[in-house]
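The next part holds the structures, each set out as structure tokens.
Below are two complexes that have subunit A in common, paired first with subunit B and then with subunit C.
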Partner chain A sequence: MKFWVVRLVSLAVAFGFAFGADAWIAGSMPSAYRLAVLAGLFVTLAVSLNLINGITGQFSIGHAAFYMVGAYTTGFVSNQFYAQQPLGQPMWLIAMALLGAAASAVAGLVVGLPSLRLRGDYLAIVTLGFGEILRIVTQNISQIGGSYGMNVKPFGGPVQTLWVVLLLAFLCVSICRNLLKTAHGLPFVAVRDDEVASSAMGVRVSSVKVTAFVIGSAFAGAAGAMLAHAETFISPDMFRMDVSFIILTMVVLGGTGSITGSVVAAVVLFGIPEYLRTLQDPITKLPLAVPGQALLGSLVAVGLTVWGLREVSRRVHGNVQNRAVAYGGTLLGGAVVAWLFSVVFGLIPQIAALKFDVNMLRMVIFALTLIVLMLLRPQGIFGHHEFSWRWLGGLLGRRPREATA
Partner chain B sequence: MSQTVLALQDATIQFGGLVAVNKVTFDLNKGDLFGLIGPNGAGKTTCFNLITGVYKPTHGSIKFHGQEIGGLPPAKIATRGICRTFQNIRLFSSLSALENVVVGAFLRHRTPLWTALACLPPALRETKALREESMRLLEVMDLADEAHTRSSDLPYGKQRRLEIARAMATRPELILLDEPAAGMNPLEKEDLQSTVKKIRDNFDMTVLLIEHDMRFVMGLCERIVVLDHGEEIAHGPPDAIRNDPKVIEAYLGEAHS
Partner chain C sequence: MAGLDLSILPQQLVNGLLLGSIYALIALGYTMVYGVLRLINFAHGEVFMLGAYAALFTSWALGFGPESRGQPPQSSALYLVIMLLVSMGACALIGALIELLAYRPMRNQPRIASLITAIGVSLFIQYAGGLFLPQSPPPAISEAVSPYRGVMTAVLKPPPADLAATIDEIRAREQAAKSLAEAAKAENKPEAKGLEEEYRSIQRDLRAKVGEADSQTVRITVPHGQLIMLVTTLVLMAVLRHIVLKTKTGRAMRAVSHDFDSAALMGVNVGRVVTLTFIIGSALAGAGAMMYATVLRTPLSPFLGVTPGIKAFVAAVLGGIGNIPGAVLGGLLMGVVETLVVWAGFSGFKDAVAFVVLIIVLLFRPGGLLGSSKVEKV
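And now, the complex of A and B:
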């Protein structure tokens, strides 16, 4: 009974969020539709890779390939049927998501099977190679556009796409969550921890690995299908190796194995560069530029703050208030250091003459964020933890109930 | 007459030129408490690996209830009813003690994966049942207080007991214990002796164990096989083994025999 209440509340919150996002975007900045769609796709990609990489422990870095298989398959099929328009817009999108999922699931099976004998780095190399082979083959098939890419005739407008994308992300999160909630998820984690011991306990290691690959790549394929229909243009360049690496970074940064972590890291890592891109000077409405002394000053401050935070986490223990004061003090100190150094650097005319465009610096800031986060939390933002209503209840002051067996 | 559970007949495995286990032959009857001893490198663990399917025997046969199991994959052998613990503990380190045991019990799951992915009631009921059953096993092994502790955070002796609990969760007919008392103090060893007896008597299992501690083996096992350099050098009840000149030679060297 309580179980169903929690489920319904989760579902209601998810729908509320989707409606809210839809309304907010429609009201304030319609141009953000595309960003919302892409963020949803990255959430799906990160969570699905987390199933393969984090939960089952199979180090795969070819996730962009599954993304691409979904995109190209559905793009091609959509173009074939565009003249007839056999289904309405939302239904067609859902059908395409299913088709993309099926196509990528087959690809996942193809990679999964020969990879059964490989572990760790060796598997990583095979998946990487698989991704590159698929991309280069696609680049050389002129029927699907070759390296020029392919136009996909859109069935749905951005609104419908956003809804289907959010649905997809929600489905992906719930499936992974359900897996971990039931005893069926334990063999996946067991395979990650110790293959020999799991097989001795009767776990069919091969079928667990292949299952993880198939489910994970199916979601990546569905995400690819949505990408093709949201962007209405796909090219092999959109599925390069670095896409795989970004998705992998999201998984690791969020906390390997943590679904919540993957979701949060996907939104944050996708959001940072996009947010910096839109920053404007409030007066001139030009892209925001920072003076040289401010940039150098904050770099010094970031370094010192990271060092300070690490020292605090090592030395300060005890109650929440003490720690909050220590962390807050360090951050405040960081801000003061940034100000002091920017004043000092401002005295040097060569530095003061420099101007840096934040848009240009966005990948630098992105990379710095990664480094800082990994230094401060090597286990990832969420570590092995997950979001739960009970946890939220505890945070809001209600005493959490004793965990039941 | 007691029924033969496991029968090794000339079981042999060769790694290149090295014959790690050479023509080992012994039978285990239902309810036996059987010891497998020998000096370091005698091939005891290799023998376990043969029985549990980690290695495929080069020659000879391994029969479980009269059916050949030599060379079957480990998971199949576990399903048939043979489960083991490991010499160097191999727990699932990121799982809690209880979850470790549930992995063992999961062998008997009936609901298909998709019901779990959809979070349907049958899968949830089954999860609950498996957890409750595993909890009872933890109680038997005196680990109930640690049910929600990460297995890697448990002290050494408890990790050993947890490995036994996990193996028992698969409800094997034959349980293989690889040096269960290694690293335990005398008090813990005594405890373990009574636990192993309890497992055999209350859970209707046959036990085959490897152990270096002679007092432990002699006090517990009813029959013993001694291996040396992969060959079986003695076979019999503890008293006969204790006085067997070949065994003394293998352990202490020729001058003492």
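And now, the complex of A and C:
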């Protein structure tokens, strides 16, 4: 009884959140609408790759290909058939998400069946290879625009897609979470932890791997369908292997196997470059320009701070206050070093003459964030933990009640 | 497939081998690092890119700056050697630094964490390079230095004898007509115009015949620069082979690659071996980059390393990653296949074919061509 109440309430909250966010963002900050859609798509992508990479342990780095298959299939179908269908716009969007999922699931099956015999790095390079092959083939088919890309404008204008995207993300998260929490997911985790042992215990390793791969690809395909209809323009360049790398990074940075981690990392990593893009000089209203000495000074400071933090985490033990003081002191020291070095570098005229648009810097900062986070927390932000109310309580200093088994 | 021109096939094969030798040089770096650390060093392509820039800046320092285009100063082969050495040195330094700053702290962490760091380093170098490094045409030195000038031609199948005879005959007539026409012109005779026209028509004839003969000749033309490139590559590979097989360091490297922990227990200075591996691999990439920029005249951009990097990586996996002869074989194969695809008219698929070959090979030999696929034991 309680189970069903919880389920129904969760569903209601999810729907409420999806439609509420859609209405609120569309109403109050239309410029953020596109960003919210893309963030939702990245959450879906990261969580679905986490199912393959983190939960089943199959090292795939070609996720962008399935994203692309979904986008192109549904874009093409939408362009051809939207005019003569009776469904109406919202239902058509959902139908397209399903179609994209189906198309990518087939692609996932085709790619997965032969390549999942391979392991580790070989599997990684083969998935990367399939991704590139699919992209280059798309680039050479002129019927879908070739390398120029394809317009997807069946609705004749911008469409409200955020709620579909958010519901898709919710669906993806809940399916992965339920897999982890129920008996259906145990074979996946078993394959990750020890392939040989699990096959000895009667797990059908190949079928588990392929299942995970197909589910993951299907979600990527649905995300691709939403991308095509939200952006109204797709081109093969939007699905380069950098995109696969970024999705993989979200998974690892959040903590391999942690769904919460993937969600958080997806939002953060997508958000950092987008936030930097919008930064403006307070006076001139032009994109913020960073002087050369500040950039170099902070580079040096980041390096030293990371080194310092690593030393602190290795040497300083004891109570929370000691550690907080040590970490805080290191961060403060980093800020001082940044200031000192920027003053020193400012004395060198060649450096002081340099100015960098924050727009050009955003990928540098993105890459630095990756390196720094990995150096400081190799297991990812969340490790393999998940968000739970009890964990939150523990973080706030409340001692968790003993769980009754 | 109408346009398959068999007579240029040998030329294409040679071109493929030359291109492949560069891929092989880069692939060696990937495979050596993978051998000792089991890490896919995604930043290797960026080391390659920086090597090309080191060569460019050296050429500027030697007086071939962007403003000297047009009247190149006096030059010699020594300049090329200097550029090669600077490029190798710079890359070795950068490789060692990357290892020290980014990979060494990750040594005891899960491999995927190192991989993400590698991706981060690669992105960082690309985009930071975008801030500081200029987009530039290839170093002007390659047009000025004499060893790079000229070509070597080997004729495999001469044109048919009767065609050659016809050409000789027409050429003689052309000479005669030319001297006649010139003489007439010099004396301002009225028939000068007619003679001139006759001479032109014979010349056209000759050109047509020569063209015909050309299309029936099978020859291989290799610019001297590319020969130098090939020889340098072979020398470097021989040196590498000597280091790995004959020296104490090489033995340590092989031991670490065989079993990291046991090698450490046996008293091998593992940290030093890893650094040396990065230094050697990066230096090879630097040599490849210098030749890629000067001989193959590739325009420089901060994203130069991405495509050759990924292809060389594919080549390394193709040959069996961690296997040094495999990397060379894979690189050469990759170069040949790529050239053949362009020759067959599918130039749009040039970058995809590397992966097609890779996937086909891996499906039948999961450990790569020369690698051994281990059976996992419990």
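Side notes on the structure shown:
Everything below uses one rule, namely that the second predicted complex is superposed on the first by the 364 of 405 C-alpha atoms of A that agree within 3 Å, B and C clash if a C-alpha of one lies under 4 Å from a C-alpha of the other, contacts with A are read in each partner's own complex, and residues count from 1 in each chain.
Going forward, a residue touches a chain if its C-beta (ideal position, glycine included) is under 8 Å from a C-beta of that chain, and two chains touch if they have at least 3 such contacts.
For clarity, every value in this text was computed on a predicted model and none was experimentally measured.
Applying the stated contact rule after C-alpha superposition, one finds that A:Tyr327 touches neither subunit B nor subunit C.
Taking subunit A as the reference, the larger set of touched residues comes from C, when subunit B and subunit C are compared.
By the touch criterion defined above, A:Arg117 reaches subunit C but does not reach subunit B. Looking at the shared chain after the overlay, A:Val203 reaches subunit B, while subunit C stays out of its contact range. Look at A:Phe81: by the touch rule set out above, it reaches neither subunit B nor subunit C.
Once chain A of one complex is fitted onto chain A of the other, the partner contacts of A:Phe130 are limited to subunit C, with no touch recorded for subunit B. With both structures placed on the common chain, the touch criterion links A:Val252 to subunit C but leaves subunit B unconnected. In the superposition on chain A, A:Thr182 makes contact with subunit B only, not with subunit C.
Once chain A of one complex is fitted onto chain A of the other, the partner contacts of A:Arg310 are limited to subunit C, with no touch recorded for subunit B. Of the residues of subunit A, those at positions 196-197 touch subunit B in one of the two structures and subunit C in the other.
Those residues of subunit A that touch subunit B in the shared complex are 3, 7, 174-175, 178-179, 181-187, 189-190, 192-194, 196-205, 211, 215, 257, 384, 403, 405.
Within the complex formed with subunit C, the residues of subunit A that make contact are 59, 114-115, 117-119, 121-122, 124-126, 128-130, 132-133, 136-137, 139-140, 195-197, 241-242, 245, 248-249, 252-253, 256, 303, 310, 356, 360-361, 363-364, 366-368, 370-371, 374-375, 378-379. For subunit B in complex with subunit A, the touching residues are 52, 54, 73-75, 78-79, 83-84, 86, 90-95, 98-99, 102-107, 109, 111, 113, 116-119, 123-124, 126-127, 130-132, 135, 147-148, 166-167, 170. The residues of subunit C lying in touch with subunit A in their complex are 34, 38, 40, 101-102, 105-106, 109-110, 112-113, 115-117, 119-124, 126-128, 130-131, 310, 313-314, 317, 321, 348-349, 351-352, 354-356, 358-359, 362-363, 366-367, 376, 378.
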